[in-house]
Amino acid sequence: MAMSKRKRAEYIRYAQYGILLVVVVLVAVLADWGQIQRAFFNVDIAKSMFPSVITVALKNTIIYTALGFGFGLALGLVLALMKLSSVAPYRWIATVYIEFFRGVPALLVFIGIYYGVPIAFQMQFPPLTTVMLALGGVGAAYMAETIRAGIQAVPKGQVEAARSLGMSQSRAMITIVIPQAFRIILPPLTNELILLTKDSSLIYILGLFREQYELTKFGRETLSRSPSLTPILIAGLCYLIITLPLGYLSRYLERRGTSGRKKVSA
Amino acid sequence: ATPVNQGAGDSGVPLVQSGKLVTCTHLSYKPFQFSEGDKTVGFDVDLVDLVAKDLGVTQQIFDTPFETITSGTSFNANQCDLAAAGMTITDERKQAIDFSDPYFNAEQALLVKKGSNIKALADLKGKKLGVQQDTTGEKYANDNAAANGYTVVQFEDLPLSETAVRTGAVDAVINDNGVLYDYAKEFPDTEVTTEFPTNEKYGIGVKKGNTALLTKINDVLKKAKENGEYDKIYEKWFGKKPTSK
Amino acid sequence: MSDSFVEITGLKKSFGPLEVLKNIDLQVNRGDVVCIIGPSGSGKSTLLRCVNLLEEPNDGKIVVNDVELTHPDVDIDTARTKIGMVFQSFNLFSHLNVLANLTVAQRKVLKRSEEESRRIALHNLDRVGLSDKVHSMPAQLSGGQQQRVAIARALSMDPEVMLFDEPTSALDPELVGDVLGVMRQLADEGMTMLVVTHEMQFAREVADKVIFMDGGYIVEEGPAADVIGNPQEERTQSFLARVLDPTHHGPKDPE
Amino acid sequence: MSDSFVEITGLKKSFGPLEVLKNIDLQVNRGDVVCIIGPSGSGKSTLLRCVNLLEEPNDGKIVVNDVELTHPDVDIDTARTKIGMVFQSFNLFSHLNVLANLTVAQRKVLKRSEEESRRIALHNLDRVGLSDKVHSMPAQLSGGQQQRVAIARALSMDPEVMLFDEPTSALDPELVGDVLGVMRQLADEGMTMLVVTHEMQFAREVADKVIFMDGGYIVEEGPAADVIGNPQEERTQSFLARVLDPTHHGPKDPE
Amino acid sequence: MAMSKRKRAEYIRYAQYGILLVVVVLVAVLADWGQIQRAFFNVDIAKSMFPSVITVALKNTIIYTALGFGFGLALGLVLALMKLSSVAPYRWIATVYIEFFRGVPALLVFIGIYYGVPIAFQMQFPPLTTVMLALGGVGAAYMAETIRAGIQAVPKGQVEAARSLGMSQSRAMITIVIPQAFRIILPPLTNELILLTKDSSLIYILGLFREQYELTKFGRETLSRSPSLTPILIAGLCYLIITLPLGYLSRYLERRGTSGRKKVSA
């Protein structure tokens, strides 16, 4: 207690920078940098991946994700309304679906779809349809919960105000609740779009031809020809091209939403 | 006495794990290596067991993606001592790993749904041909794709591609004759309609420069072929004697 | 009987095992202002919400302007358009601007034309002194402004009776006056009003009748001068003492 | 000079470009109760929070009991133990029960023993009339009870001055009295107090000095009878008119 | 408008049940039930999977998940504190780490670790360590965000009250903020445990011995011997044994938390 709090705070700050320095030096010494450079940033391999990694792989990742998201959103909305329904069997079906698909790894679901759908229904879907069913089926479970929560998060007072003005239950739902729920669910929905983008890395299990490769498959394929980490790194960066902006969008929407709602309740 | 290396058996061959001969493979590749109950069995497994016996250790199977074997990554990461995965010796792979003497002759073959009337690559025009990732079959299929006008569909492992034939996701699958005949035997709604003379030979892979182990493997293979053990194992898994060695 | 505009008889309401309204009888004449006071949890809000069937009564009869709301075949949505309700928490539609808040129900429920509903909305915004806020979003308004918009929204439906549930208790003290001013003006214009409030001065000056509720019953009712100025019941007296003269109490646990 | 217990000179505070306190001078004598009134946003809370350095002033000097809090070498943590603060939102530690709320700082900061801190806690709980709530969790208490626990928590540190920031404005009207009662009792016992409040009756009866703030300045100060009963400044007059007599205003936009 | 609202509501209800019936009948007719039974519920195959599916696969899934969660939680806490640090480089490092691992599919990360770690550091970790690094590394990014948000979600008034009682910043952090943050982050942390359980289905890519198989790998292996969906279904059900109770726990904790906090602010 001989030194004032302000001085102590200053010393703590120096200590923090010191630790950082030590760690940086340690990592620098321990790692084999020449080897890392060769292994991670092989310029020739990187060059050989362009432009296909963009024109084929990234494009396909986006297409698959978009298809899955569209189908998942539609199915998710249906499931959400089923879960809020007054008809008990609807609620049960929705609950079983949601719980199952949220509790089981996507890879297992994809394998199940790969084996199960053709056997059960004796039909073969076109590849894009299968991708859409697989990704959308998994995404729907998440989106259903998001949509349901969004609808329930609209303050009860909003419905009460609408009904006290003479609106029917369904009119209030359409005019007042859904538009407000949509604003609430936009940020989590964006997050689910990110999850879906990442899950699209698993559809290699459905069997793909070269023009159908998405980023992960493309990266692995290049990797098997040239054991350097470069293809994986480039594939990873391509994912970030999609997911980083979506992440920022989601947080921006969330911030805007919260501040908006805070003002209302203040 | 031989110097005791780190993790060595009593033979002087250095091993990744002491007392164990770790085999990298990619499951399932029936009948070369596949699961039966709680064990991994097969032709390759029995052959490598001979090596293990000779070294006085037990074999342990390590299942890893096929591309990590052919690219040498598994060896570089010290995950296993050798790789026995129904793997054809190719010049490309020789650059990444060392191969033993050949122990099995293989050709490429075509598996289709029974009654599909696909008897040659030319019959696949406008259709889909399944392949397994990083196999010689994939290479063969790609090399002949332009001439025959089919699309190559790639799968991560053999069972996925075989199932794709049965579910109709692809019209045919190309892979080594040994595994496809085995599958057609088990699932009579499929058949092997043709073979392609590619004249391939399987070899056991080791890390580049691991001559001690490589010599040992070659010795054991040679001995087995001479004393009839190889024929016994061959008959066990393929139901007939080998035509050539 | 027939001259009372709102008529409640034998009203009972429970939430599960909790009996909130035990047996309520109440008449309100056309043009009267009735203020309802009472401690927290006594059932004031529930009573008000029963009057436009936001809560379904368990028993009893509610008649507003000769329409029996509790009859099973009544079209409650239509009936509600005649009953304006103002909530403690304003409940403006947060995704719509002020004008849309005032017009949406006119157009969707009363099927008024765009121009007509707009004209009526502007007129009522003027009544509450907020003509300049037509295009603001609710989040941009102060609490007092939001509440006045809510009043204007209810008025735009041309209600025959207005229900107010503690309309000023979520407001900063200096914003209370604006809202009470609007309510006083409405009362002067002859609107029939039921007001749950803690503003004793407003009740005293504006109410034709004051009702004191406690424990799900109406304990005392009568002119403001009687119920507030000279309460007969012990429970009314102690409630008013706490509310009107908060500083003259030592620490005492209210439970 | 030296007889004033809290002494603020030339205090300035900005949040970014927003100047909240523009130049505040204030003396509080030992044992005095000073009430601070003024419209929302006038800087009342900021002034109070500067007094125990929850906000760091941009300029000016704050001396409490001859300790200059604004001196760079002062141990502000120790100084704060002598200044009790009560917040509008109670801020009881929600994961600790009432007793632990009262003892945690005594033990961790003042290093009192378990028994001693417990004894002091129970004594102060008794002062605020909540001896029976020792083991309750904050969530199980009413707002009024929580606020009284918060006062007892501050008192347990044996403060020399107490700061109250609108201690009753988050409470139901009937619970206000209990809290004001405790504060009145504290004042009677001779505690030096700075109170931001909207309770004019409390200010009138208890305050030795009333301060009216607006726009970051002290606009008017003096005995309650003067500032509240007979305000000189136009801004004070209009503020008091709105607060004391809310029903006699027509709708008017305060902005 | 001839019929009262109540009557109309009744008809709508009937219509809903009717739609349900039609859908159920359609599915029943369209699907090939004999085939489905053979394909999905082959009792012999199911029997052959026991007890290994429990004693090996489920056990390994739990072990891997627990290891990953433990390591991820520790690393996540460090990253969260780095992100809240006043030292800018700490914040940058944490941000880059978190954004990268949240934006890239777990499969790609696992491949990267499989190839990258031995090359970069010229050392071979024991298999369980690799699994721990891979799963924990991915989980840490999520947990860091959760922990940071939890710490920031503790109302500012709590710190202000603590400081006004004379507590120092770090004392207030330890005594007041962290305990409350922990209660806030328990539900999302439980959800991340579920995500990690599912991500453990991808570690087959790291290469496994038979005794190391987790549920998905085990299911796929069994599947390759017997093209019936039964192994996938059983593996899926085993996942649900873990994830369903965790899901309920998470929602229970969330409900308890919210209601507790609501009472405080009321």
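The chains carry the letters A, B, C, D and E, assigned in the order they are written, with residues numbered from 1 in each.
One rule holds for everything that comes next: contacts are C-beta pairs under 8 Å (C-beta built on N, C-alpha and C of every residue); 3 or more make two chains touch, one makes a residue touch a chain.
Given the structure is predicted, the values throughout are model-derived calculations rather than measurements.
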Interchain contact steps from subunit B to subunit D (minimum; 1 if touching): 2
Chain whose average C-alpha position is farthest from subunit D's own: B
Self-contact between copies subunit C and subunit D, residue sets same or different by half: same
By count of C-beta pairs in contact, the leading pair of chains: A-E
Inter-chain centre distance, subunit A versus subunit D - centres from mean C-alpha coordinates, in Å: 48
Distance between chain centroids, defined by C-alpha means - subunit B, subunit C (Å): 82
Centre-of-Cα separation between subunit E and subunit B, whole angstrom: 37
Numbers and ranges of subunit D residues touching at least 2 other chains: 77
Residues of subunit A engaged with two or more neighbouring chains: 5, 115, 119, 168, 220, 223, 227
Residue list for subunit B, restricted to those that touch at least two other chains: 73, 76, 163
For the subunit C and subunit A complex, residues of the former touching the latter: 52, 54, 77-78, 80-81, 83-85, 87, 89, 91-95, 104-105, 108-110, 138-140, 143, 150, 153-154, 157
Subunit A-facing residues of subunit E, complex: 5, 13, 16-17, 20, 30-32, 35-36, 39-40, 85-87, 89-90, 99-100, 102-109, 111-112, 115-116, 119-122, 168, 194, 198-202, 215-216, 219-220, 223, 227, 229, 232-233, 235-236, 239-240, 243-244, 247
Contact footprint of subunit B on subunit A as seen in their complex: 114-115, 118-119, 124, 204-210, 217, 220-221, 223-227
Of subunit E, residues touching subunit D in the complex: 155, 157-158, 160-168, 171, 175-176, 179-180, 183, 260-261, 263-266
Subunit A contact footprint on subunit B (complex, rising order): 67, 70-73, 76, 96, 128, 130, 133-134, 151-156, 160-161, 163-164, 167-170
